[in-house]
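The following pair of complexes shares a single chain, chain A, combined with chain B in the former and chain C in the latter.
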Partner chain A sequence: MSVFVDQERCIACHACEVACKRLHGGKSNVSLQIVDGKAALPLLCRQCEKPACVAACYAGALVKESDAVAFHAEKCTGCDLCLLACPFGVIWSEKLAYKCDLCSGEPVCVATCPTGALAEDYQAVTQVIRSRAARAFRRGFR
Partner chain B sequence: MKLGSPMSQALVPTICPYCGAGCGFYIKVEEGRATGIKYMPDHPVSRGSLCSKGNAALEVLRHPGRLQHPLKKSGSGFIPISWEEALDLAAEGLGQALQDFGPQDLGFLGSSKCTNEENYLFQKLARSLGSPNVDNCARLCHASTVVGLGKSMGACATTNPVSDLANSRCIFIIGSNLAENHPAVARWVLEAKDAGSTIIVADPRRTPTSWLAEIFLQIKPGTDLALLNGMMHVIVEENLFNRKFLEERTRGFEALADSLKEYTPERAAAITGVPAGDIMRAARAYARSPASATVYSMGVTQHAGGTDNVQALANLFLICGHIGRPGTGIFPLRGQNNVQGACDMGTLTEFYPGYRRPEDPRTPEIFGQAWGGSRRLPGHCGLTALEMMDASREGRLRAMYIMGEDPVNSDPHASRTREALEALDFLVVQDIFLTDTARLADVVLPAAAWAEKEGTFTSTERRVQWICRAVSPPGEARPDLWIVTEIARRMDLGWEQRTAEEVLEEIKSLVPTYRALSREMLRREGFIWIHSTEGYYPTRRKGSPILHQAGFPTPDGKALLAPVHYRPPAEETSPERPLFLTTGRLGAHYNAGSMTLRSPSLLDIEPQLFVELNPSDALARGIGDGDGVVVHTARGDAHALARITERVASGVVFLPFHFPGVNALTLDVRDPQAKIPELKVAACDVRRA
Partner chain C sequence: MISVDESRCIGCPACYKACPQGLINLQDSEVSRIISFARCREDCDICIKICPVEALALAEILQEAQLSFVLTACSYCGKGFATAPMLERVRSILPVDLQKNASGQSWLDICPSCRREQESEKAVRQILARRS
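Here is the complex of A and B:
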C-alpha cells in the first residue's frame, strides 16, 4: 500500500505534518512543500516497487515487505546513504533515518486531510483525476 | 474502546476550539489526562478530518504557561491570591465604579471563544447591573454582516449548511481565504469543483483559496464594492437577473439598476485593477449558473464601508435569486468557534438575547421579568468594543470586565487600546493565559479551557453543538460559568451556581431559535436552528435547514435592494507611504495568537512575523528575501522578515495579524453603521531594518 496525493486538492493547511508529528514523537514523516506561492505538495514515501533506498541500505534496515518499504530503526547505522538514494527526497535523518511508516496500516495523514488530497485508495484517486482531465478536455484548455 | 484497555481510558467527544467550522473529534483521556486525539468520521462538517490547528489543540490544554491561580497586581508584577480574595476584589472594584459613577461607566467584553451559556450569563450580569456596555469581538469581524444583511433581508446568519456547498454549480468567494482559515469548508468547495462547478475567488492576494479558482480576480485592497457593482452592472445590462425572484421577493430593483449604470466593467476595472473581461466572465458565470453560492469573510467586512460591502453582496445574490435553494445561499464564514453563538446570546450592545432590540420597550420588560432583578434593565444601546476604549481614554468609562479576549493585540491601532486599559480605575481579566491584556489587569482570573468545561458552541452554519468536559482544569482554574456567577453573587444579584445544562434551559425560554433543542439532539450531531416567517423550528422536526425558502424575516417578507456606492479606502497612499498594507490569517495560526503562538508544532510551521512583498517593490527598496525589515504606518512600526513573492501584487504588502505588534499599524477608522474598524487597508512603507 501507499499514500497517494491528489495535488489539485492540497490547500497547504499543514494538517498532515502536524498529525504525523503528533504520532511520531515530534518528527513528521511528511513534508509539505509550497511551490512559488502557487501550489502545494505533501511529500512522503511512495513505497517504490523497486526501492533505491533498499538497494542502498547495507545494514538491512530498509527492506521491501509485501507492498511497502519497511524501516527497522534498530538496524539503522545513520549512514544517510538512503537519503542520497531516494529519488523523491522523502527520507530524512536525525542521527537515524526516518520516513513514512504508514502508521501500521491506518495513515493518520489520510484520516486528517480536510480535503481528501491524501488517499490510500488508488482507484478512487485516479478516477477523480481522470474525470477532471476529461472535463478540462471537453471545455477546452485555457 | 479496545478490550483489555484500562478502565480509566475514555474517548470524550468535543468540538474544535479554533475556527467557526465546528469540526468534531474525540479526546483520548487516560487517568485524567488528555493523551491523544481520535478523529470523528461521522461528523457532518469535518467527516473525520482536522486541520493543523485542530491536530495541535491539546498542546494548549497541557501548556505549562496556563494560568493556574488567581492573580493580583503588585508593583510591576503579580502575586497569586485565593479565589475568595480574587472574587471579592473583582466585585469590589466593579461595585466601587458602579457606586461612584453609575452603570454607564462599566464596560463588559464577552468572548466568542466562550460557550453560549457563559456569554448569556455574562451579558445578563452586565445588563442586570444596569450597564448597556456589553460587546464581544464579533464587533471586529462580522458586525457589518449583522447590520448589512439585517438591513437587506432581516437576518444575518449563514443560510445553508456548509456541506450544501457541494451542490453549488458556481461558488463566488470574496475576501475569504477559507482554504487556510476554514480548511473543513474547503472540502465542500472542492467537492463542488470536482463535480464541475465554477469557482470564482476575489482577493488582493494569491492564496491557497485562489488556487481553487477558475476565475481569480486579484483586486486592489478595499475595492470590493466597485467589483460587486461592476458585476451587477453586467448582469443588469445583459438581462441575466432573475426577474421572477425580483418581483416576488424583493423591493427596490429600479433604484438599484439606476445606481449601477455608472459602474461599467471598464470603470470597475480601473478601480479594482482587474481586467474588465474577467469581471464580465465572473458576472456571467455567477448569474447564469442554476445555483450559485456566495462565501465571504473579513476581506469584505473589515472596512470603513463594511456594511455597504455586505449590502452590495446581498444585492448581487438577490438580483440573481441565488438564495433559499440547495446549492445557493450566503456564507459569512465566522472566524471563531462561537461568534454566531455569542451574537445569538446578545453579547452585543445593540441586541439582547435572540436579537431583541433594547429600544423596543417590550425588551427590558421581558428580560426584567425573566431575570427578576430590582434594577432597571438598559433600554438603549451602549458602547461598542472600540467605543469602550475611546470612553476609557476620555474618562467616561472607569472599570472593565474582560472575559477571554486580548484587545491589546486584536484591536486596530493597538497602542491606543493599551492606553485605554491603563487609564481604567479597575480592570479584571479572565483568561486561560496571561495575555498582553491580562498583564494590564488589577485582578486576573484563571479560566478553564474548552475541554475542561461543558456547554454549547454555535458554528458558522448555526449548528449548536455540545462540548463535554474531558479533563480537569489546571491548578485552581475554574469554568467561566462559575466565575461569572460568583462575581454576580458578590454584587448582590442573588444568583445560584448552575450547570451549563440549567443555564441552557433559561436560554431556551428566552431565545426563540434555541427553544426546540434538546440535550439528546446536541449530543448526536448538533442542531441547526432555522427560522422562517412562520416561526422557528428545529431541522429534525420539519424540512431542510436552508433559510429563506419562502420569505425573508422582514415586515413584508421581501428583501430590500439598496443602492450602495464605492468610496476609496479611508487612508490613501502618499509619497511617504506608497504601499497598501493588508492583513490576514495563516493556516497554522489563529487570531491574536494567544493559543497558537504557544503551540510548538504550529510554531514550527510559522515561527515569526513576516511581510509579503512583491519583487518589484522589494527591488526598489533594496530588500532581499529573508531580510529584516520595518513596516511603517502613520501609527507605528513593526519588525518583520521580508518574504518576497508574487502572491501580492505590486503596491500591496501583507502581514499576518497573529503576531504581536501588527495591530499597532492598523487603522481605526470605523464604519458609521456597524462600528467595525478598517483593519484591512492602511497606507504603509517598508524599509530595511
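Here is the complex of A and C:
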C-alpha cells in the first residue's frame, strides 16, 4: 500500500501537511513543494519495492513489510544514514528518523485532500489520469 | 568510559543523539562537523551499542576526543550536508543500479532537500507542458 499522487489535481493548499502534522506530533511526513508559484506536488514516502533506506538501516528499524516500508522507531538509532539513502529525500530526522507510516492503514492526508490529488487506490488514480489523457487526445493534444 | 577509533568513525550523529548524559557533542558549520567526546565516567554503553561502525569501545583510561569531518557539498545547492564517510557507506551498501536516477545522474551527492526540489521540478515541467 502506498499513497499515490495525481499531480494535476494538487492546488497547493497544504492541507495534507497540516493533517499529517496533527497526527504525528507536529512533524509532517509530507512535504509540499511549490515550484515557481505555478504548480505544486506533495512528496512523501513511496514505499519502494527495493527500498534504499532499508538497505542502509543497520539497526533493523526500517523493514520492507508486505507492500510497505515499515519504520520501527524503537530500533532507530538516529544515525541519519536512511536520510542519505532515500533517493527522493522523503525521510527526515530529529532525535530519530521519521517518514510516512501510512497512518496505520488510513492515511489522513488522503482523507483530508480536498481535490482528491492523494489516493491509496492506484487503480482510481491511474483511471483518472488515463481518462484525462484520452480526453486530451480527442481534443488533439500532441 | 569510552574510547573512539578515529579510523572507523563515519561522523554520523547516532552516539550524539543517544548519550543520555549529553557528553557527546556535535556541531555542524556550513562546511564541517566537529564531534567531541567529553570525559565520561558513566557506567553505560548505549553509544557503544548503537554505533553503526563499532567505532566506540569501553576504555580503562578516561579520555577526551575531538573528531572533525569535512561536510560534502551538495552538487546542486553547494551546501555541506553529510560527511564523506557516511556517503561512502551508503554508496557501498546500495546496489549500483539504484545509485543513478532516470537521467543517469548520481543522486547520492545531492542533499535531501534538493532531491525533493529536483523531483518536484521534473513533475511540474510535465504539468506545465500539458497545460500549454
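Here is the rule we go by: the second predicted complex is superposed on the first by the 141 of 142 C-alpha atoms of A that agree within 3 Å, B and C clash if a C-alpha of one lies under 4 Å from a C-alpha of the other, contacts with A are read in each partner's own complex, and residues count from 1 in each chain.
Assume contacts are C-beta pairs under 8 Å (C-beta built on N, C-alpha and C of every residue); 3 or more make two chains touch, one makes a residue touch a chain.
Everything numeric here is computed off the predicted structure, so don't read it as measured data.
Superposition of the two structures on chain A leaves chain B and chain C fitting side by side, clash-free. When the two structures are aligned on the shared chain, A:39 is found in touch with chain B and with chain C.
Touch criterion met: A:81 reaches chain C, while chain B stays clear of it. Between chain B and chain C, more residues of chain A are touched by C. Looking at the shared chain after the overlay, A:9 reaches chain B, while chain C stays out of its contact range. Shared-chain residue A:116: touches chain B; no touch with chain C. In the overlay built on the shared chain, the residue A:135 is in contact with chain B alone; chain C does not reach it.
Look at A:103: by the touch rule set out above, it reaches neither chain B nor chain C. By the touch criterion defined above, A:63 lies against neither chain B nor chain C after alignment on the C-alpha atoms of chain A. Rounded in steps of 10, the angle chain B-chain A-chain C defined by Cα centres in the superposition reads 120°.
Once the two complexes are overlaid on the shared chain, A:95 sits against chain C while remaining clear of chain B. Superposition on chain A places chain B within reach of chain C only down to 6 Å, the least C-alpha distance between them.
In the superposition on chain A, the residues of chain A contacting both chain B and chain C are 36, 38-40.
Within the complex, the chain B residues that touch chain A are 36-37, 39, 41, 46, 48-52, 54-56, 179-180, 183-184, 186-187, 190, 194, 196, 206, 208-209, 211-212, 587-588, 601-602, 604-605, 645-647.
The touching residues of chain C, when paired with chain A in their complex, are 12-14, 17-18, 50, 52, 82, 86-87, 89-90, 93-95, 98, 101, 107-108, 111-117, 119-121, 123-124, 126-128, 130. The part of chain A that touches chain B in the complex is made up of residues 9, 11-15, 17-19, 21-22, 26, 36-40, 111-116, 128, 131-132, 135. Against chain C, in their complex, chain A makes its touches with residues 7-8, 31, 33-36, 38-41, 43, 50, 52, 55-56, 58-59, 77-81, 83-92, 95-96, 136, 141.
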